[in-house]
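Order of writing sets the chain letters: A, B, C, D, E and F. Residues in each chain are counted from 1.
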């Protein structure tokens, strides 16, 4: 019932058999944050206009990373993604950037890991591009917000979940 | 002074020129956490002994991901790593797992991104292996703890830094 | 009407949503040329028989590259290709080699980029293998010749198009 | 003298032995063009400001591709690059975009292929992002402009070379 | 009849056209062995319990490698795998480990190469992890045991086949 | 003394620290065999001349695979190879093909795994290209023949080792 499905009865890891699952539309939405100094956030925001587009590059990195998910996560099935979208928003009060990723596929298994991988690599790319001025940036609250499709159906994070 | 070094004067991204930097020993240490339900944590802990080694697989995933850093982070230099070590510890009070990664190289640029990438992918792998029982897990406080070597020298996180 | 579909209304790049497109047979044919010294071309032609098969290796490189297209082109969808064929012909008058690639899939989006990527990497491989004797070789006129299938249907290059 | 160095005496391909070559600074500069309809060029130019940054994304794709050169070109040595820079300029008269790439390394072999691969993938990415409005775009005159360092020393393209 | 299907009539390699083949469930089972000193085998067996899980890591390496098959084998079609399972058994009499891999997909072509690649990389990983104590280990009898599905139907190795 | 160096004292896998090892020339030579029906072997041998160059393609696959070794073998260090050479010889009496690979680097750790990986993938590629006519082919006796350089110095297989 509560078993970890990535292991067989002997406790050996395997790529779960989804051969008999029907193909269906699946969606996953993830979010994550990167907290930084106020000065760093203003550099990023100005950069979008005239000094170097940190968020544009992070978006591309996240989209490309979503396509590499099954290379990175050992037991993930390779999945032909049909949509990836990443958006950023800045919170100047908490001086952090929020990243939200939506991923879709028509396949036999879900795309939660693809969404989380995209969010994470997008945030790591922001770190990389700003680390010369702010090594103390912190990636926070990378989590699934919602998934749809497949056997386990619709799942949505409740505000009382163990998030930040 | 506080410019983002990954952009030239026109605001165009480039891979920073490190051709004239000397090769030297460089070390980076990163950490990160994944918070989960108490039940999930006990499944992981028991698994190490007899039901499927979640942390052993996450460790391998993190080590392998560190070698892929320059494929994932657009402006990272490819670096021949000379050491990667990942350790986990469980906190049953806060029901979370802490991941610490140490990376070394003898090269012309640092390995902060390699350490952060390894930590992140290790935590994502834990998520993947346990998501069938706990979709609400959250990755928290992925951050650099320390770096040594290179032009910018020694850097260490202060407890008052903007971490969790 | 004439919008660039890889951007949303805010001008942010995304992987276009093809989730609701039907799977159908799609074909793309691309071509390209590499111009060289007459002596280099004769080395390649002789090599096929007894001194090293430049074109055989370039063909393999092109086929393998077509499978990497979605890793190289940021917003390309990963597509399980069902056919790749590359042929070369030598023009001794213009001392150049022509490369033609045909790619097929049964999928939700087209394979133009896969055909163009295969042609390009095949030509780059010819350059690599001959650059010790002829650094001045030039890749010319890499272009789509024809595509079939999908919503936009059949497209064919007219002789009056902006080719070489 | 004029032999193809990627083959041994039996005509069998190999990765050339560079073990005894000294490490030295090497630079390569390549260029290439993509020709398009005047309307397409104006879409790209406007996009940089408010509608989607085609050239910014193409630049990232080219830089990332340069790091994949030894995966794409069968007999290329893997090389830890120390610098990659890509710049674009638009020619409204000939309605084409020129791409120039500079690559550096401190290594035992040259980076010509890395520069050419970056230029090519940058141009292919422009094609991908604009193909919805202009399938007839053509990649032209991808060629080496200059190389420095290593045994064969300095090489520079003459204006009378077999370019476009 | 007995032609090598990976070549066309001119003897040129291509990725075989499977566009018109129906999608169906396909399974392949492969095996392979690694022979070693008796002492090495006991180190591995003890390691599973308390000193380092060689076989657990080899299993992960094999599963991940199966997903890379079309990158490694030039003319293999990329296939979205739906199941991979690897099991090991030790033979203390012949002091060797046997590896058996089962791979499944629902696709247009078979998964024999994915099963063989997984088995091989799993065995190579065992070699890597034990080579400090036993460089003489030998990989033996990597072969297909059975395949099901597709046009050529069911195939099973006979005990009189040219195995070890 | 006889410990498995890829594990620390707690039995946790790590990428061994080679940071303090000097760079030196290292060579490894591996071999392996693929046994087949006599008819298959004659198809391959004829193919080299006029019907499709199985061995030429297998050689390229092996060389390219050697560059992917650190992606495939979890705890391998990434190494910039300086030479890879693969040769085949046919034994019509035992109807098998022998593959020998030589790999060199100037680095901090050895290239045994690169040589073994190249040999294995070359043999798997032969299997792939001939499996339409002979599914029963068997890969045999993949083993290290010799290594030179590094702390452990020269090692050579004795004829009495546990080979085939």
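Just so we're on the same page, a residue touches a chain if its C-beta (ideal position, glycine included) is under 8 Å from a C-beta of that chain, and two chains touch if they have at least 3 such contacts.
Keep in mind that what you see is a predicted model, and the values were worked out from it rather than measured.
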Co-neighbours of chain F and chain D - touch as defined: B, C
Lowest number of touching-chain links that must be crossed from chain D to chain E: 2
Contact distance in steps, from chain A to chain F: 2
Chain located farthest away, centre of chain D as origin (C-alpha): E
Chain whose mean Cα position lies farthest from chain C: B
Chain centre separation in whole Å, for chain D relative to chain B (CA means): 32
CA centroid of chain E to CA centroid of chain F, Å: 16
Shared-contact residues (touching 2 or more other chains) in chain E: 12-13, 53, 56-57, 60-61, 64, 68, 71, 74-75, 80
Interchain pairs in contact, sorted by label: A-B, A-C, A-D, A-E, B-D, B-E, B-F, C-D, C-E, C-F, D-F, E-F
Residue ranges of chain D touching chain A (in the complex, touch as defined): 53, 56-57, 60-61, 64
Footprint of chain C on chain A - complex, ascending: 25, 56, 59-60, 63-64, 66-68, 80-87, 104-106
Chain E to chain F touching residues, read off their complex: 2-7, 11-13, 32, 35-37, 39, 43, 47, 50-54, 57, 60-61, 64-65, 68, 71-76, 112-113, 116-117, 120-121, 124-125, 127-133, 135-144, 147, 155, 157, 161-164
Residues of chain E touching chain C in the complex: 8, 12-19, 70-71, 74-75, 77-80, 107-108
